[in-house]
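The following pair of complexes shares a single chain, chain A, combined with chain B in the former and chain C in the latter.
Entry: the complex of A and B
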């Protein structure tokens, strides 16, 4: 097993599949009346969050607690971080406290890589800047596999602000490793020209959402930050929604079995219409539940739970 | 004044001979010289070059004496074979008045290791809004001739035009940091495959090329001298090539790091433009801010174009952009780190890797031409009878492993840590006085 999970590229097909299989076992635990395993009793997991992200933090917290780990939440607000302590000094502090794993969310791309140089424990990237969010990609892959029965050969359209999306980067890397075909869709201002060469050869780019829908098994809508509008990436929210938003008529152009995903939080009416978000095709609520199972699997495997 | 008799030295690669240095000048050149009163330096196997001249050095004083002082930077320069450095204006306070440039100039004289020639800011506080008192700096004891807002681009085209015109009155030159600011908002590294993968905001090549293209046209229009700092892209080389073919009075520099290090290093991959240096070397990890610099490290194709341009003369000189930074400004997240890397003590080694033992070309690109651009008449002269004794002795056969802890700079941010580099400076003489002997600084 790998020591850190910093990028979707850290996972080969076998390791990724092992995580997804383990997550399925963890999901069974979550369905029980007593949702708890003793696997990580006596181990310490620190959630080090430099950005507000209640949903990701509570997902990791629930995962660690269901494995009986001790959980310390260390958030930038109200801590020494707000007083200007450096990442390195924070790392040394966590190290001295005996953290077995550090789950880090940070606005700067690459911060988890730096942290991994300074602590002995495992580092899990819970989202760094505009770089990656590998556990999101794992839970997305888990969701696709449980809905559609497989990953190899699936056609997945990832739609929206690819340029700034850590979810998109991790998904492209992981899905390519697992044999799915990814097509990135959005306005040319938000899709780097060299994205396929940078991440995974074989990744397609298309600027026309309607052309992609009929052949897609999965459509993954990315959150679009409204402030992109003020930086000329697109003219207006309305024009964006018209060209790249998933509404009812577009959803009906999908194959019968196709699913619609969103990493949340959604801008209803912008990239996704309420009618679509609330439809039976939508896996948005499942993704949240699956997130806990996948993060349990990641912590369990990284902390050597499988060796005991 | 003491004398030195340098025995069996190869002047710019020629047959070994003796050099007698006396009263600050090269007194005699020829085999079998004798001077009983002179200190003898055995220079068998060494090559004598005119003392190197750096057109682009950050000495950080006043303001950031924790990162570098005029004295420590001067010592690093002497150890790198330099006898003159041009100190950039982005200090705190900014070198935008006669008072600050005279202070830096005086500190350089007191240190006495190299001639420190201050560069003046083009605009007040480097803010890019109105001209600093360029004439007052030119008339000061520091006799400033190069003006630069380095670290910032003089982006306003009207202000750039005025600056180019105004300094003609005292034969000044504007050294431009070519970076279109709107195209580089938030930029962290070269825009390309690596930035896309790493999720770091890109610094596109066009942001440099567009400013150089504009500036050569402005310089042509007003008939002024323009110098382009740290050229980093293949496209910039082509813009310069065309401008020079038209007769525009433009000169250009390239840094040692832009001749060797690629943007792939940011991702932790070991990619250098030189297979010889890449041997058994790799970066410590991904996102290591020791590789953060402005302009950013570019691609292997850019490096190939820069190397070719340095050989054929489209790029006139190597300048270090020596940029010391305190540990805490580099030991942090990539986005929060300051851009810049050390260069003075390693520049000649990188030049040897790029140019080989082409001593005349090295002297041209690292001494004669930068001295001419800067108007430093005492520097850039080959060791010959009557020439000012500003020279350095190189052991081209030596190999050294770079240890940041050994640097004479106050800072440790060298990108070449653990790399084995060719060549070593054995001695440096400033106006006949040894500043470095046996590879050690004498003060």
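Entry: the complex of A and C
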């Protein structure tokens, strides 16, 4: 078993499938009266969040608690980081407190990789800069598999700001490992040149959403990052929505079985119309529930045995 | 054995193997336990059979089949995976988690009969009791095993025993079943088979 989960590329097909299978068993626990398992009793999981996040942090916290681990939440605001403490010194502090796993979100790409060299415990990347977010990719893969029954051979369109999206990067890596075919869709300014070849051979790029829809099993809409709206990647929000937003008429051009995903938080009316977000094809709420099961599986597989 | 000095240089001895139960014996033993369950539970009303993977699961299904053949009673069968409740998780590489399937009626207020192949230290049964406590509140819990080989480390005993086998700690008992291994047999190995 792997020791850290830093990138979607850390997982080969067998390990990824094992995580998804374990997550399916963990999901059964969420439906029980006693939503708790003793597997990680006495282990400590630190949530180290240098960036705001609600769903990911709460999801990891719920996952660790359902496995009976002790959880310490550490957010940069109001901590010694605000006083200028470096990542390394913070890491050594956590090390001294006996953290068995550190779940880290950081605005700098690569921060979890550095952290992995400094601590003895396992490091889980919960999103680093514009780089990767592997547990999001795992929960997306889990959601696709449970809705559509398989991953191999699925056509997945990832639509939007691929340039800044860690979700897109991890998904391309993981989904191609698991045999799905990914097409990146968006304005040319938001899809880096040669990204498809650099991440995973076999990944396609298309600048026209309407051309991709009829042959897609899954459409994954990425959040338009409003903070980048003024950086001239596209002329206006309305134009973006018209060309790359998923509205009702576009949704109806999808095959009967196709699903619509979004990692959240959504900009309703921008990349996704409310009519689509609330439709039965949308898996957005399911993705949140699946996130807890998948993170339980990851924590169990990293911490459950003596993998040191 | 006659030439201990020569034995040292020759390849390691095959461990001694003894067949304790043949395929026909296993069938008879399962039949008897099915009868005993019917007798002790007065007709197996409100009873659920839960097999502990790997080989407890097919044994539980067989017991239910026999009970239904003898008295035409359908006893619900389930599978109880105890991996996440084990007390030795940290001593091994991470173990794969298997499915737990409870009968649709659940286990609340039922008489649960846990089914496993070998009863040894009793730790598996302790883990199963912990798991049951998180899944519901059975009226009572009983234990059926194909083989009891002794050496308990916890105050646990079986209600239904297929065969008691006195063993030494260094020996090991291996149960094979048609569903999981291709054939029914119980063997006693002189030392742990590699």
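FYI, the second predicted complex is superposed on the first by the 304 of 308 C-alpha atoms of A that agree within 3 Å, B and C clash if a C-alpha of one lies under 4 Å from a C-alpha of the other, contacts with A are read in each partner's own complex, and residues count from 1 in each chain.
Here is the rule we use: a contact is a pair of C-beta atoms (placed from the backbone, for glycine too) under 8 Å apart; a residue touches a chain by one contact, two chains touch by 3 or more.
On a predicted model such as this, the values are computed, not experimentally measured, just so you know.
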Which of chain B and chain C A:199 touches, first, second, both or neither: first
Touched partner set for A:54, first chain B, second chain C, both or neither: neither
Partner chain in contact with A:230 - chain B first, chain C second, else both or neither: neither
Partner chain in contact with A:117 - chain B first, chain C second, else both or neither: first
First (chain B), second (chain C), both or neither touched by A:129: first
Touching partner for A:1 - first (chain B), second (chain C), both, neither: second
Footprint overlap on chain A, where chain B in one structure and chain C in the other make contact: none
Contacting residues of chain B [partner chain A, same complex]: 188, 192-194, 196-201, 268, 284-287, 328, 331-336
Residues of chain A touching chain B in the complex: 86-88, 106-111, 113-114, 116-117, 128-132, 166, 169, 192, 194-195, 197-199
Residue ranges of chain C touching chain A (in the complex, touch as defined): 81, 83-85, 89-100, 130, 133-136
Contact set on chain A toward chain C in their complex: 1, 18, 21-22, 25-26, 28, 32-34, 36-39, 67, 300-302, 304-307
